[in-house]
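Following are the structures in question.
Next, two complexes with chain A in common: one pairs it with chain B, the other with chain C.
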Partner chain A sequence: MTDLRGAMAAADVSAAAIAPPTSSERRLGRRSRQLDELVLLLGPALVLFVGFVLVPIGIAAYYGLYKWTGYGPLSDFSGLHNYKVILTDPIFRSSLIHNVIIAILSLIIQLPISIGIALLMNRKMGGGSFLRVAVFAPYVVSLATTAVLWSLLLEPNGFVDELFRAAGLGGLVHFWLADPTIVLYTMFVVLTWQYIGFGIILLLAGLQGIPSELREAAAIDGASAWQTTRHITLPLLGPTIRIWIFLSMIGSLQVFDLVWIMTLGGPANASSTMVFYMIFFGFHSQEFGFGSAAAVILFIICFVFAVLYQRYVLRRDTEGALTRAVR
Partner chain B sequence: MALVVIALTLVPMLYVFVGGFRTTAQLNNNPTALPSPWVWHNYQAILTSAAFWQNLGNSALIAAVVTVLAVGLGSMAAFALARYNFPGREGWYLLFAVGLLFPANVAALPVYLLDLRLHLVDNWLGVVLPEAAFSLPITIIILRPFMRAIPGELEDAATVDGATRLQFFLRILIPLSRPALLTVAILAFVTSWNAYLLPLLVFTTPSHYTLPLGVAYFQSTYSQDTASIFAFTALSTLPALAFFAFAQRRIVSGLSGLSGSIRG
Partner chain C sequence: MRSTRKYLAAVAAAAAALTLAACGSSGSPSGSSNGKVTLTWWSNATSGQLLAVFRGLISSYEKAHPNVTISYVPIQNEQYDTKIQSALQGHKQPDIFFQRGGGFMATQVKSGQLADLSPYIKSWVGELGGSGEAWQTGSTQYGVPYDLHTVGFWYRKDLFAKAGITGAPTTLTDLESDVAKLKAAGVAPIAVGSKDQWPDAFYWDYFAVRECSTSVLQAAVKSDNANDSCFSKAESDLKGFMATNPFVPGFLSVPAQQGAGSSAGQVASGKAAMELQGDWDPSVMQALVPASTWQSDTSQIGWFPFPSVPGAAGSQSAMLGGSDGNSCSVTAPEPACADFLEYLSSSTNQVKLAGANLLPANPAGSSGVTLPADQDVMNFTKTKPYVQEYLDLAYPTSVGTALDAAVATFFANPAKAVSGSVATAINQAAARQ
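Presenting the complex of A and B:
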């Protein structure tokens, strides 16, 4: 340190004759170099992000005010007409309800099962790696492939039906995809198959962040396995669970691929979801103004949910990540 | 218990895989029987068809470019947001974080309309650029804490040795961040590979389709030929599964890193 300062002082003295940059000028030079570096580093990502994530939102908001079929100029200004139609459309309303049903079912069915399986998998490490691969495998298969796969399995007298009959449960066989009263629940089962692995792995990762000394200490104090789980493991798993819920809710609002390929919203719109509604009535039918309005409504729903959730649920977990400066 | 879980998750895929070795007639007669004899022509026909390889190639090319863009630009941005001090820095970070709240499916139609304006319809760039953009938030959110954790002494030492900050970034920080970079790369790749809605809207020529589109298209075109559909579906899961088997440790460690960094 002293060497450096000494060297700098010497340099200052010896260079005095050539009018060196003053210390404030040197600082300005450094700052403009930092600015250049920042622009270089941050710039491209920002341009890409703003251009393809934020600009489309603006486009949707703008187009939503028009009736437009994609050809020619935007000329048919209809103001809030699109929005009014969508919000009063019974099909949209039932789509919304379907999304909400899927979200609620995820919460009360998928979450407990995922936690249970994660806890079990955390105990026994035997065959751990293979088990983890097997459980996670459906997630890497695309939703579209899953949709085709399960369409085949759920055909009348197909694999699933045969399995039920072979197990003596022939009476439970239904038209899984053609019966309006159960088609939504069939979709939920397929969704669960696809995503439960991801949830389990996420929860497992969270579990492995809990030091085992805590569990051992509880055991020494005489706590049973159930008590340990309930009072120590689960609360410490809280942040991970809350992330799971967040991802699951956002996912429930976005369901599209399965519906489009397996049922096309049918029968009679019994399995339609909001994104499906937007694409079917707003793209398929070339009513882009209408579709844009639907997109804006969906954005608002997702955004409001995310902000509320972040404020009231995630706040204590993500302090510093999204709410306050860390340094 | 473990066996039940494995059975439930793997049997459906196994069934489809095995079903491709039978004829449609056999499948219709007896859905759950094993192949006898083993029929090869379904798989053969698909493996020699142009469509399958075109779809595969499109998916691979698009996913690769998306990954390079997302990880490249994302790591640069994460570096700037992690180790530079400038006014409004947290605001910029928040901007990217907010991007997480806009699900890709909801934005698909507006993005398509943007592509329409930019004449990028049926153009692979019309899919690559948005997919990369949507992968930026998660990439930056995972990378920033990681880059921040690298000790400042390393950077000081590099400066004393005469390196600029950018050289520090390229020569030291990037190699050190390899685990995190691999994780975000895998996430970006898989997300792009499996994307369905945006490619569905943007691509109009079947030879441009990505694999998920191809599978759905094949199913609707050859809806009567169940055995071929089984074969096509099974084949299209193979790349993803192989990739996953190879990368699964990274994904799991990445997820634990994510939950760890969010926890604090």
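Presenting the complex of A and C:
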């Protein structure tokens, strides 16, 4: 709110400074030119946003109130029935839990690994740019390719199993995708392989934005390398880490491609996620009203998370940047 | 139906282009006053022998009927349902379109999208026998099948011989003892593509077909439920069978048809002795192994029907299967559309279709069947067994999806499943509709 008010006040001030009211005609001309600019610059984006984001959300919310197989008019109004069925469906609940597990694992496993590797790679060393490209490479591969590739690697007696055996770890070989107690963690490993490079590059960019003088000053004051990292680097990396967490959490809520290609949610729904649930039990099974209701629930979950995160976590980052820039 | 999946893996890129072409085609009927008629035909044959046969049939039909032009639009199988649905809903439907019968067709009938073909085809549809009847709702014919599908066990003759099995099993007890013999010989007995769910459903369906009488099955499909106690019996039969651990280790993540590690690939490469699959299986297998290791007439594999279940009350010879065919949309010019469907199912053309490794819907086409194992299937179907359409397709799509998902969950842990879990899932999905 405050930054909005600040921005508006600033806009008023600058408008007044540029446009002293000399004659009403000129004022009108300028106003209409400003309006033209607004329409020209904002119009296309606004039309696209409304047409492809807001309207579909509204339509999905409307469809979600009906039972509809996709044929004929919407005539079978069922109120909140679809929502009730979804929220009480054990498969949806376990899908939600799977999403949350992936989110938590990302936070406690991917984040420390990303920070660690980024700190290492931030030092001057030979082959640094090659390492950066190598680490980032999996992220460039499309998810569908990743899924097909890993399905082959993880086949029973496939490459991964043979690798374990060759290393004398045959006892660790499992049915990576066929065991309901393991499959979700297998998916997490594949997700980590795909996305860790993105996190590392993001954090590296953040690290390179930290002025080296600060660390030098700390070193002169006698701080150890650990103390410098703990009290200088990490706090200054905070905004980047918070952005990474935001992207990672939203990504965790949206996991779908890997699941669809590698396991179809199985075995026994042990790897199903919310988006998978929506596609499989909504659209794949031709229950478009039901699927729309699932989409709305998913939207609300993501939206609420995003708003809360923006409000309570990201605000100090963005607010600081914006308000100071305006002043 | 599922046979077509095998083509698609190979032609995904081509199909994407074709799909774009399909987007651009307006499906509106174009009969005109000067007697010229253009029929648009959407089907899922996008490559291979079947497409070639279709194209050949179209050109000879056009030669014989100079006033008719048939515009064929191939559509990738995996996208077909969605595309035809939006076309029908948006009133851009083609005149003739591919159909699998069952619940998907029933939904279209219910919403008034399909032409009643009865007046045009009454005189000849009897030629098709039972497969034509399966496409009637009441006494109204809403589509005409051009092929037949049947599900049975495809097995490696060499691996059966290695395990000392002399004849194909005819009862469940035989099958279970053969499973034990194969294991003793160090051969993984049965491959199954559990990842895809629908191959699991074949087992549950077949036990239901054995346990439930024909009339119970028909009534259950008609009224969208699985209330009869025979369905729970089927599930406990399946539980008993799975207690013998008949499947390849790790089967839960195995796909049915994609790649050498799929269930079809496992049988083709001799890593498993058999699998319960549709008639399309030999050609799927052929595509998954190097040509040098495979006999072109697929004579290293044999076929036997699903065994009888001792003490079960249903038909012990009934088969699980289905058929592919076409419907005419309500706006299609008649009798041209119905006439073309008759043409596809006529005996001479059915022989040609059989040459593309399909089992012909018209028994008169069986002379075109060439593969020895396919001939075994045709000989069995000559005894005119009752053919129950795959239950996941016979029910409306949402119920069928729930059936597949419930059987897949059952497969993951049969010991833990609540008795009658699949029937319960069917009833719940039906109630949700």
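One rule holds for everything that comes next: the second predicted complex is superposed on the first by the 295 of 327 C-alpha atoms of A that agree within 3 Å, B and C clash if a C-alpha of one lies under 4 Å from a C-alpha of the other, contacts with A are read in each partner's own complex, and residues count from 1 in each chain.
Criterion: contacts are C-beta pairs under 8 Å (C-beta built on N, C-alpha and C of every residue); 3 or more make two chains touch, one makes a residue touch a chain.
Please read these numbers as outputs of a predicted model, since none were measured by experiment.
Using the contact criterion defined above for the overlaid structures, shared-chain residue A:A306 touches chain B, although it does not reach chain C.
Contact with chain B, but none with chain C, is seen for A:D257 once the two complexes are overlaid on the shared chain. Within the superposed three-chain model, A:L177 lies in touch with chain C and out of touch with chain B [touch as defined at top]. Of the two partner chains, neither chain B nor chain C is touched by A:L80. By the touch criterion stated above, A:G70 is placed in contact with chain B and with chain C alike. Legend: residue contacts after superposition of the two complexes on their common chain; A:W150 is shown touching chain B, with no touch to chain C.
In the superposed model, A:A45 lies in contact with chain B only, and not with chain C. In the overlay built on the shared chain, the residue A:E287 is in contact with chain C alone; chain B does not reach it. Greater residue coverage of chain A by touch, when chain B is weighed against chain C, goes to B. In the superposed model, A:G158 lies in contact with both chain B and chain C.
Touching of chain A by both chain B and chain C, each in its own complex, is seen for residues 70, 152, 158. Chain contact summary for the complex, chain A toward chain C: residues 67, 69-72, 85, 91, 152, 154-156, 158, 175-180, 183, 263-264, 266-270, 280-281, 284-287, 290. Interface residues of chain A, counted against chain B in their complex, comprise 34, 37-38, 40-42, 44-46, 48-49, 51-57, 59-60, 63, 70, 117, 120-121, 124, 127, 129, 131-138, 140-145, 147-153, 157-159, 161-163, 166, 193, 197, 201-202, 204-206, 208-209, 239-240, 243, 250, 253-254, 256-257, 260-261, 275, 278-279, 282-283, 288, 291-292, 294-295, 298-299, 302-303, 306-307, 317-322, 324-325.
Within the complex, the chain B residues that touch chain A are 1-2, 5-6, 8-10, 12-13, 15-16, 19, 31-32, 69, 73-74, 76-77, 79-81, 84, 86, 90, 92, 94-97, 99-114, 116-117, 129-130, 132-134, 136-137, 140-141, 165-166, 169, 190, 193-197, 200-201, 211-213, 215-216, 219, 226, 229-230, 233, 236-237, 240-241, 243-245, 248, 251-252, 255-256, 258-264.
Taken together, the chain C residues at the contact with chain A in this complex read 81, 85, 88-89, 104, 107-108, 110-113, 194-197, 249-254, 259, 261, 396-398, 400-402, 405, 408-409, 411-413, 432-433.
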